[in-house]
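Below are two complexes that have subunit A in common, paired first with subunit B and then with subunit C.
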Partner chain A sequence: MRLSQAIHKLRYLASLSRIAQSLLAIVMGFLAGGIMLWASGYNPLKSYEIMFIGDPESGVQGAFGGYLALSNTLREAAFLTLTGLAVAVSFLAGMFNIGVEGAMYIGAFAAFLVGYFISLPLNPFTNLFHVCLALLGSIVAGAFWSYIPAVMKVKRGAHEVVTTIMLNYVAILTTKMIVLRAFLPKTGIVPGGILTPPISLSARVAPIPLPSRAELTLGFPLAIVVTLITYFLLKATTLGYEIRAVGLNPRAAEYGGVNVGKALIYSMVLSGAISGIAGACDVLFVEYRFNSLFSPGYGFDGIAVALIGRLDPIGTALAALFIAAIHMGARSLQPALGMPKELAMAIEGLIIIFTALPEALNMLISKFKGVKVRK
Partner chain B sequence: MRDVIVLMKDIHKVYPDGVYALRGVDFELRNGEIHGLLGENGAGKTTLMRILYGQIKPTSGEIFIKGNKVRFNRPRDAIKYGIGMVFQHFALVHAFNALENIALGMEPSKGGLLNLKEVEDRVRELMERTGLKVDLKVPISRLSVGMRQRVEILKLLYRKVDVLILDEPTSVLSPIEVKELFRTLSKLREKGKTIVLVTHKLREALSICDRITVLRRGKKVATVKAREVGPEDLAKMMVGREVLFRVGKLKGRTGKEVLKVSNLWVKGDLGTYAVKGLSFTVRGGEIFGIAGVEGNGQSELVEALFGLRKVERGSITFKGEDITNLSVKEIRDRGISLIPEDRLGRGLIADFTLTENAILGMHYKPPFSKGFRLNLEESKSFARDLIRKYEITALSEDVPVKFLSGGNQQRLIVARELSRGPTLLIAFQPTMGLDVSATEFVRNGLLRMKSEGRAVLLISSDLEEVVQLSDRMAVMYEGKFMGLGRPEEFSTEEIGLMMGGLELHEVKSGNS
Partner chain C sequence: MIRVNRLKGKNVFLALFLTLIVVSSIWVSYSQATPRKKVLIGVLFDIGGRGDLSFNDMAWYGSQLAKEELEREGYEVKVKYYTPRSTAEYVPVLEQFASSGRYAVLVCVGFLWTDALKTVAKKYKEQKFGIIDAVVDLPNVLSVVYRENEGSAIVGAVAAAVSKTGKIGIVLGMEIPVLWKFEIGYGFGAKWMAKKLGKKVTVYYYYTGSFSDPARGREAASAMLAQGVDVIYAAAGATGLGVLDEVYNRAKSTGKRLFAIGVDADQDWIHPGYILTSMRKKVDLGVKLIILRAVKGPWKGGILSLGVKEGGVGMTTPKDLDIWLDFLRIAKGYGESKLKDIKAKVSVMFEKYVMPYMSLINELREGIINGTIKPPVPTSETIEKLRAEYMTPLGI
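Presenting the complex of A and B:
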């Protein structure tokens, strides 16, 4: 009995090393990036210092090297946290959801519609009300958008990878078309995108001022709140329990009385709702209008973020901060060292690939075991 | 005496999890015979053949092919020596056609271009000689099971195999397909091939085999000439002569009828009927046992009873209420518990903690759920209770169950299902793969349920278990009951015959 207990203890500790695994993966990523930097004739340590802190000579700020850089990093981290959470929630149920980008566009557009067509006299109360209403609109729209591929899978067995990718195109291009046809004549041609006119003042939230003329948009605190809510939902509610059960072992979940199809649908609806909030963040907190090119691919980066965060909400938020920092840091390499943009992007990609690898492999392995929905 | 082509000497096999599958088996195969390998589940038939096929290695023992000592590390080595095996579950690529499947792994190519013409010519010639006709150009997914089996056999013949091992080849076939298969096997024998037929079906073994080797619990009982024995002899050898003790059976007061199954028809995964018109009842305070070799419709029956599989025809009545085709949740909520066959496949979620697993199936009900919230404290204390009461060895209730031993995992399932206080407990292979103490624990649990006046339905391929524990029992074969009665009404031999596919009246009339 003693021995078997000791063995159990060892195996248990082995499971804790998942965190160690993640850290090791990050180190590997930096090593790989370092080799590439070194091979290209740059000093790896110096480069990493510039990425995260900055370069005093040229005055370039790294990701955490000053208020202005920090506010950029946090704005980016907010988007990535939300899209990462949206991906994690669906992946946990075993849904390979690639459609966060599309649901985010739909959410952003819904927030714009509520912000644009409703105009309230400006006071703190109406401001709060209008913003909440717009957020609600984005939640409902995003949730509905992700509900479509979920139902297609559960009722007809259509594979979610195909349907969500296609729906991304539908979402991004349809909103773009509407902007072009219906709003662009009013906006006029503006450099920097295909834009709608701005939303009402009552639907805008001004950023919190920081020193050195930097600003913190509301996205980051909101992302933290959504992270905590998601954490609670997954760990402490019946729904979260069922979503996780279905993702880990659909046959056992079914035996436990869980309606597998329903759990899959709920996970996608939840994912869509969070995607919608991500979209609303840009409209209500950053640009105050719908920009049909607003996302540099947050929804897709969310996949890497969720995997690095091991599909855990807290882990996902940390991973988002990490990726945002790498991304912002890579941008400061160019001005500080005169490094070609392409090389900086390659370094960024290399680090992310290495970091995401362990969980991506896990996902693929479990995917091969297959999820089947019983009709 | 014809020459010996395969000789296996004193083969032992202990699996890494400590299961002793073979305990010194000798096996001799003569050139040009059809040799039946007969035994119950867990007798070691498949293990022995997988060793011969090089798929697993024996713990000890020697193998001689045509007098030469060999050591196989992988099936490819065995095929080189002319030994091939067809498994119950075929290994075919569904999107490929028969020809592509046959060529797979040894595709002839010319400068990197696939040249299937050559293969086709040879396969067509093979089909001509053996009578194994298959449409070579149709994807496997569109072929019937019988046809797929032919493709598997052709695949081996194409690899110039002389010894053909077929593992329960008739279990997936219709009666007509079985006839065709046997005709083919006879033809192959005429062509000088040697065939091993792994089966538990007595009649089939007797109808086609030249000699039959019977295994029981990892040991060889005997090798006999098929012409010189009858089904009774084989049944006796297969099941054993050991007196079946009836330990701990209490004369319970049987109560009211709890479960009534009438004319139940359920389809298997292949779309054919796996349960064919079963009718039986289970009363409170009794254990009703269903014996039979695995794969005779037991899984489908259990899944249908628990709402996991659709009932095509017939009805299931629980305490007077029709529960046919209700959802799992509705069936659970009415007071039915299930100990499933597949511990980590169905019964538990390996990555969930003990706590999370302890509430599976109750997680949506108070006290574990309050509104939409999960009551974690309550769940934890419940899990701690189970660990204490059911003596589960675990570090804490927060450990994922994949870190528990098999016996402790099963204890957890049993603990969870019993603690619900079900009116009916369905126990499916509840002691499979367990050590003695865990087995004892589970069996006592079932007996306790019974003594509390609850109904227990025990489905097991462990015959001794069924006979020992049941008040009434039935023997299931190909989706039907071959006989139903009190265990003491049957001799071991009769049960063996029923497990091999003879009906009770045939058995009784054959004996008198």
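Presenting the complex of A and C:
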């Protein structure tokens, strides 16, 4: 009796201190990065100052060191928030979904198709309508794409890690091929890119101007809205409850009357829909065309983001901001300190690994134990 | 009274004298203490960055040359470098540099920067930019391009002169208009030399479709060698490294007299004694000129075309090796004896096979410089006609 009470209390404490755990993980990450910086002959404090504030001598801004840098950080954070959420909703149901990158490409391509083949007379109403239509297209396409591995898992037991990784290749290379064959002749040769022609004016959303010639793309506000919707879906609806229940213990959930297959499929469809929105952000708000190389790996970074955010929507959004800041900040190290690109990337990776470690371990342990200990 | 006046006069004189000393000493100290004019320069490499012993390293070297020259003239120069990780970084990074307003000039190395530079240069009209190997038509951008057809004509002449079988070849990368300049220039130079020497030379060409696939370069070279080709010009970036390797391996294993010709950087050291020369494209000169013009003037946006006349392209001789041997010493840690050995092998080969034709090669060079000999610049309209005149396709 006493023992079980003690365990109960410990669990309660553990859940309370999850924020503290996350903060500790971040501190550990910076310590690890700092040791590497120090070992390579750089001053860690100075380096971190350059990463987040900037370097007056070379004039480069750190991640939060000025409007321009901030707008870049927020644009990156928007992509990472969305891919992080997409990963989180599938991981919550216990699906190890690596396919966010592919679903994002499919979503971006769908948004492009809607934006390119429909052209409306330009006024604020048609603009809003067209953009919403393109977003809807990306949601449907992304959701459908992630539905495929979900059905394969539920009906045939095909492991989602294998199918989603393979579907990434299919998505990225198929869209690239279509652009090469069907659109590149119209675009003309653009150095370093395989691009489509631009979408119609009515499907574009101009960025919000900030001081000193910086611009905030609409991706960030949209990402916040999607975060809140996801939060509501997961915490306040039956579907969200079922997804979480299946993730915690599928057998128990089934015993409790949850249709496990349905919950898995819904979680993947939701994940695909959010991935689709991430792709549409690039087409409708940033590049105004489909660039077959637009993502530097947002979908994969989303995994780290979701883990650092402890699979919680709000936590994921904060983690995305954190990772985006690390990404942006690491860029300043090269010109400011003459640091080689490779070392800057290694520091970045080290900080992210250490920060994501606790939740990753948590997931692995629970996977091996067969029962989730996460609340 | 008189005494007082005289004293006053003396005082005035003294005061004047003192003032003069003070003023002059202030002036001297001021002129000495005038801070040297500070200049900040940004160089943005192509993906890959330093250490390629080619394009990016040459760009770095060019910025160092400019720095040294400016420092001799009393500037205090700092150069900041950036190597992008992906194409997605191009615009935000370039904009970061431009928005700081501190850089005398930002040099973008490589044609991949074209689109990003167009976007950023339009927004930051007061910032000076330079780009290597591409044209960005904006008033604040100086675009440096090279007349590769001229340099290729010279190495084509070398190949035609040295060949014993009367069959030479060129292995190219992707078939894009820039590469036509290498192809037709090479054929033009070869035919020019063949006519001078009164021999018949066939010029085979083959497009591998890639700049980064040494295996395909090896295949193409192998097919050419099977046709009896004994000199191959590798104009295909990293794919060309496969060509150099194949020629070397075949020459070693069969004992035949086979040679390759390098491109862009001085590649003569890669297989010393088996690479006749390289068609050197001086990225370093381009970078240096952009920086000097931006800092000292006269600055004017537009296109700067560098050919044989400007020393922007040309063939390498053993004399040029020294800079590269320096790179090898630093980058690859080659020892002195190895470097000496490379230099000796290259010199012996050059002396034996190329020097006998040097006067003819120089005749072609002079002709190109003073405009009497004009290697054609192919366009999509003229390429077929020029090909029919100079080249023979290689069937694989």
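Odds and ends about this structure:
Please note the rule applied: the second predicted complex is superposed on the first by the 355 of 375 C-alpha atoms of A that agree within 3 Å, B and C clash if a C-alpha of one lies under 4 Å from a C-alpha of the other, contacts with A are read in each partner's own complex, and residues count from 1 in each chain.
One rule holds in what follows: contacts are C-beta pairs under 8 Å (C-beta built on N, C-alpha and C of every residue); 3 or more make two chains touch, one makes a residue touch a chain.
A quick note: this is a predicted structure, and the numbers were derived from the prediction, not measured.
In the superposed pair of complexes, A:211 makes contact with neither subunit B nor subunit C. In the superposition on chain A, A:345 contacts subunit C only, with no contact to subunit B. Once the two complexes are overlaid on the shared chain, A:188 sits clear of subunit B and of subunit C alike.
Once the two complexes are overlaid on the shared chain, A:296 sits against subunit C while remaining clear of subunit B. When both complexes are overlaid on chain A, the residue A:59 reaches subunit C alone and has no touch with subunit B.
In the superposition on chain A, contact of A:252 is made with subunit B only, not with subunit C. Touch criterion met: A:331 reaches subunit C, while subunit B stays clear of it. Of the two partner chains placed around the shared chain by superposition, neither subunit B nor subunit C is touched by A:121. Shared-chain residue A:72: touches subunit C; no touch with subunit B.
Partner subunit A is touched in their complex by these residues of subunit C: 40, 42, 49-50, 78, 80-83, 85-90, 92-93, 95-97, 99-103, 111-115, 123-124, 134, 176. Across the interface of their complex, subunit B is touched by residues 1, 4-5, 8-9, 11-12, 15, 236-242, 244-245, 248-249, 251-257, 259 of subunit A. For subunit A in complex with subunit C, the residues that touch the partner chain are 57-61, 66, 68-69, 72, 189-193, 212-213, 293-296, 331-332, 334-336, 338, 340-341, 345. Across the interface of their complex, subunit A is touched by residues 306, 308, 327-329, 332-333, 338, 340, 342, 344-352, 356, 360-361, 363-364, 369, 372-374, 376, 393-395, 399-400, 403-405 of subunit B.
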